[in-house]
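In structure tokens below, several structures.
One chain, subunit A, links the two complexes that follow: it is found with subunit B in the first and with subunit C in the second.
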Partner chain A sequence: MRKNKSSGGRRSVSLSLPYEWRMLLPLLIVMVAILAYPLLYSFWISFRNIEITKPHQNQFVGLVQYAKVWQDPAYWNVLKNTFGFVCMAVSMELVLGMILALCLKNMKRYRNVTRAILLTPMFITPIAVGLMFRYLLSTQLGLVPALLHLFGISIDFFSANMALFSLSMIDVWQWTPFMLLMLLAGLENLPEEPYEAARVDGAGSWYILTRITIPLMSPVMIVAVLIRALDAMKVFEYVYAITRGGPGTATETLQYYVYKTGFGYYNLSKASAVAWTVVIFVMIVLILILWRSTRGEQR
Partner chain B sequence: MMKSGFARMTGVVSVAAVLLSGCTGAGGNEKQGASAGNAGQKVTLKAIMEQVPDSDIVKKMVADFNKENPNIDVNIEMLPYDQIRDKIVTSFLAPSATYDLIVVDNPWMNDFASAGYLEPLEERVKAAGADYNYQDFSAPLRGIGEVNGHTYGIPFYNYALGLIYRKDLFEKQGLKPPSTLAELRQDAKLLTTGDQAGLAMQPQRGYKIFEEWANWLYAAGGAIQDNAGKITLNSPQAREALTQYIQTYKESAPKDSLNWGFDEALRAVSGGKAAMMLSYNWMLPALNDKGGQAGDLAGKFGLAEVPGGKSVLGAWYWSIPANTKNKEQVWSFIKWITSPQHEKQRVIAGGAPVRNSAMDDSEVQQKGFGVEYYKTVKAILKNAAPLGNSLNAEEMVQTVGTELSQAVSGQKSVDQAIADADKEAKDIINAKK
Partner chain C sequence: MKTGKSRTEPIKRVQAVVVLLAVLVVLFPYVWVILSSLKTPSDLSDPKAVLFHPVLDNWINVLSGSIPENFANSLLVGFLTVAISALVGTPAAYSISQYKTGGRWTRFGILISEIVPSAVLVVPLFLIAYHMKLNGSLLPVVVAHLTFVLPVFTWFMISFFDGLPKDIESQAMVDAAAGLWRSGKWCCLKCCPGSEPPVYSALCFPGTICSTCLFWAARTQKRCRWRSQATILSAACCWGKCPWPSSSL
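And then the complex of A and B:
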């Protein structure tokens, strides 16, 4: 490392690559093997007609799988469900996370303990959270309906109208802490000067929040929402553990649909095609948002 | 994570593809000489089974099998239903089988057999001779295991549906088990009082609702497929059956039970919260078991044929994967466990019967659950049909089950749901031919 470059490059076998590439190589090999290869492979089979139960069928069919997906009303329904889920969950998480972060920031004592306690839902594996809520909210066995019953309220959390909302609230329960963590870090890094100036000018706390804190926080909020939204899009465990997409198709989400098509119905090519439509969509959204936010910073 | 989802999927896929190209054509033609040469050595067979009481009974019988066959060890791995199919399919695609002995659920049979993943068994059945008496298996059960003229599965246990009802409540009202849909609906309504529901239904989307509703369909005189295999769901009978089903759900099912499946219905009935349910016939002995789930209610349950007399048939099968090396040893075990003699032993221990001789046997009746029970089960099995027995039955069942669920939860009208179910089922079946 020390003299490699300055001494004019002592060449030895297989070290013809620049130093930084040599250091990256092991990681690159692993990434290609476990990430790029399967990804490209799934892209490749999305243009073929591979089905597990038809071992002799493996032809190139062009865009047939994509056309099938496009014409499948079930696909549009799962898209709708997934976006509904993401919007409900992430907006709720953002509001709650912001409120909690502001409270925590102003807290004088026991702040770290409180923060640690608030973070615990994040550390439970989602499938366990799914099962937990399946029983907590069950009309037959659940604690929550039993308590509500005491007040004469009767809600079926997994009815056709409520199920998707209930699932998104489970997501809120588990992932608001993540939002809190991101926003709190953002809040703690805000400069003090604008606040002092505002206070000197006699601004009220609501004014400070809407005119200073939120505008200053917007880059952090965008990133936090983005991460959460992409994460929420892959919701699978709650659906699998609780509703299996029902009642009807009310809670069928993208990942569950991919799973069902690929493993349930053995149709690997169609499942790959569905998955790739998601990749393409996510890429477009990401590029747009990142492009906008970098442009905003340059101004 | 989304990427890791892909990785997971494509992982299986890449395994699949390597194999698909590798074993094309080699499917069912293992050389038998190889396994015969091993006959003297000790062989361990890896078996996969569902975590159910019937598997426990088989597991206990392995010791007896080993007394007669000291050279064959059977190592049974038990898994929940959700996991076994994925494991079995992965084992089919592997260069050498992970599992030598598998159990196959009836909707998978045609797909697995047509893909060449299962070993045809008819020659071995023939060689087993008159003592083995293959014709003794209840005819509808044999039908499922036979695909395109070959036998791929030997019946293991049945899960045909029957009507389980509370005898005491029926007597109190002076009722007899309902024999038509109208009677069922009427009785259910009559027995709905306070926090007791007349009928614990299972409208959970997918297999469950279809499995339950198809009994309504049969009772209304409809059918899922005609003799030529053509889907015949778009019929007045189907619309009538679904209308009745929804009415009964609204009038007499427990409140908020749209997502209920087997567990929830059983819990309601065993806890005295429902007077009837359509469920697997072998739930009766479990419910009547003193010290079992039903507590003080044990002994108060009765079993009848479903209204209309034709019920939905489900069954598990023993099969040999085409890619195992130990076919002869696996067959020795299958032949042993399904022989008339050991079927008797299995049924006495509480297993669900598949052979008529076992259900007629006085020793079985005496040591088992009584004459009445086996007579009813035999009658149920005699007139029963599976939900789907064609290629891609699993997808057809799930799709129809989703449409039905949409109708019950009010997302679609009855006419719409039936028309859509018919169209989608046709597309699924035809696309695969």
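And then the complex of A and C:
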């Protein structure tokens, strides 16, 4: 409804706009309707006390929700979990992705087949991946614990100490291909000359890797890590499908916590406040990184 | 020459082994899931069993249940989302790429939804849908998907248009002797033989994300019609009878 009205109202205006803005206009309208408006709405909600269970309660309470979040030990636990998850998953993905990309770069035989197979995990729905590993790693039904048992190792992958690590390894299984894809694209676009020069000078492979490849690749690596980290912060499906935040609160992540607060305890305002703390944090980090990178460009 | 070759040979062998290992790690869960889907519940309790009497019961259960309907729903949402993204995103991407409309602000502003965690949008979208009495329909799901598919799609298309050679465009302009919009269209048509892959990937990539996101479906619906993606695999793995918590979705 809202969309139709605004586009109808702007029709006469739009004709007077320059051509390139008219092409952009539909996107702007849709983005305002589906992104900007809900974002502001959510910001507004976070300053009120809306709860689904109390339909008549809807007052402006200022920063009370944020204060509640700040004092909530569960929130800090969730932040710690999410941060741990992101660090474990993304660092593993970077290392594995780099190793695989280096191996795949020079591969001639079975090149397309291996690449196709290695990229498949990215295209499965995360919830299905979650379920798959939930049973694969389960102590009763799973093959992995059963195989480990043959070697005399018994691990409960979803115990309080291991669960977060297991979840991040599932993330590694699914998203290393993405890292691989980005790094491979980066590697294949590297200039040849430094390598030739290094080989003429008699540099060893390790030297070439650490002194040429990695420095040249660092912009690609930063972007890849950034994208993956932002994405990993949104982890929800694995938690939802496998542990539901448990055992205890050992694997509660931000997104799951927002879901639990908003749709489990029906406290919509607090859920919005939690979500907005994340937005602010991410914004600060991104602005710092962008500022540094643009400063680097200007030099 | 010979010494160089003998030095690179073992490295290549190590590389091949690493790649092979990675392929095995990737394939292992698939194989296990397929095997499990053919097992009876009693066979399932022995995860190491590779030789067993395969049964198709699970697959029949899945296909005769509500899965085909759920699958159709998923496809519909995916299709609508991608169609709207293509309609709205393509001209905007062309404009941003060729005319630098709005400068850096539009270019990077588009990516803002990638930064914003979907948790922020969940509550307002749910409330909007609730007030408009739309929860329970597909529309909120499509809108929710659009919030991240549309920016990604536009971003893809911007880089695609950036990569188009300029002379093709000017040639098309001469050929078509028409307005810019038509030349834009022409330029896409002319470049098609070489540039289909990016367009396809731009179309497919959001399509796949689209069908993946349970979070949105579960949140904006509050009903279990949207178990589709979740159930396909889980049910195929024969836990159709297990209490997969449908009621809590």
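In the analysis below, the second predicted complex is superposed on the first by the 285 of 299 C-alpha atoms of A that agree within 3 Å, B and C clash if a C-alpha of one lies under 4 Å from a C-alpha of the other, contacts with A are read in each partner's own complex, and residues count from 1 in each chain.
We adopt the following convention: a contact is a pair of C-beta atoms (placed from the backbone, for glycine too) under 8 Å apart; a residue touches a chain by one contact, two chains touch by 3 or more.
Computed from a predicted model, the values in this text were never measured in an experiment.
Trainee: With the two structures laid over each other on chain A, which partner does A:243 touch: subunit B (first), subunit C (second), both, or neither?
Mentor: Touch partner of A:243: subunit B, not subunit C.
Trainee: What is the contact status of A:265 with respect to subunit B (first) and subunit C (second): first, second, both, or neither?
Mentor: A:265 contacts subunit B only, not subunit C.
Trainee: Just to be sure I read the superposition right, which of the two partners does A:41 touch: subunit B = first, subunit C = second, or both, or neither?
Mentor: After superposing on A, A:41 lies in contact with both subunit B and subunit C.
Trainee: Once the shared chain is lined up, is A:71 touching subunit B (first), subunit C (second), both, or neither of them?
Mentor: neither
Trainee: Applying the touch criterion given at the start, work out whether A:56 contacts subunit B, subunit C, both or neither, answering first, second, both or neither.
Mentor: In the superposition, A:56 touches subunit B alone.
Trainee: More residues of subunit A in touch with subunit C or with subunit B?
Mentor: Result: the larger residue contact count on subunit A belongs to C.
Trainee: Which partner does A:160 reach: the first (subunit B), the second (subunit C), both, or neither?
Mentor: So A:160 only meets subunit B here.
Trainee: In the superposed arrangement, which partner chain does A:139 touch: subunit B (first), subunit C (second), both, or neither?
Mentor: first
Trainee: Does any part of subunit A touch subunit B in one structure and subunit C in the other, and if so which residues?
Mentor: In subunit A, residues 34-35, 38-39, 41-42, 45, 50, 140-141, 230, 233-234, 236, 255, 258, 262-263, 268, 271-272, 275, 278-279, 282 are touched by subunit B and also by subunit C.
Trainee: Taking the complex as given, what residues does subunit B use to touch subunit A?
Mentor: Going through subunit B, the ones touching subunit A are 1-3, 5-7, 9-14, 16-17, 20-21, 23-24, 27, 86, 89, 93, 111-112, 114-116, 203-206, 254-259, 264, 267-268, 391-392, 394-395, 398, 402, 405-406, 408-412.
Trainee: Hey, which residues of subunit A end up touching subunit B in the complex?
Mentor: 34-35, 38-39, 41-42, 45, 50, 52-56, 58, 138-141, 154, 156, 158-160, 163, 230-231, 233-234, 236, 243-250, 255, 258, 260, 262-266, 268, 271-272, 275, 278-279, 282
Trainee: Mind listing the subunit C positions that touch subunit A in their complex?
Mentor: Interface residues on the subunit C side: 11-12, 15-16, 18-19, 22-23, 25-27, 29-30, 32-33, 36, 44-45, 47-48, 84, 87-89, 91-92, 94-96, 98-99, 101-102, 106, 110, 112-128, 132, 143, 146-147, 150-151, 154, 180-181, 208, 211-215, 218-219, 222, 229-230, 232-234, 237, 239.
Trainee: Residues of subunit A touching subunit C in their complex?
Mentor: The contact residues of subunit A facing subunit C are 1, 19-21, 23-24, 26-28, 30-31, 34-35, 37-39, 41-42, 45, 50, 96, 99-100, 102-104, 106-107, 114, 117-118, 120-121, 123-128, 131-133, 135-136, 140-143, 146-147, 173, 177, 205, 227, 230, 233-234, 236-237, 240-241, 254-255, 258-259, 262-263, 268, 271-272, 274-276, 278-279, 282-283, 286.
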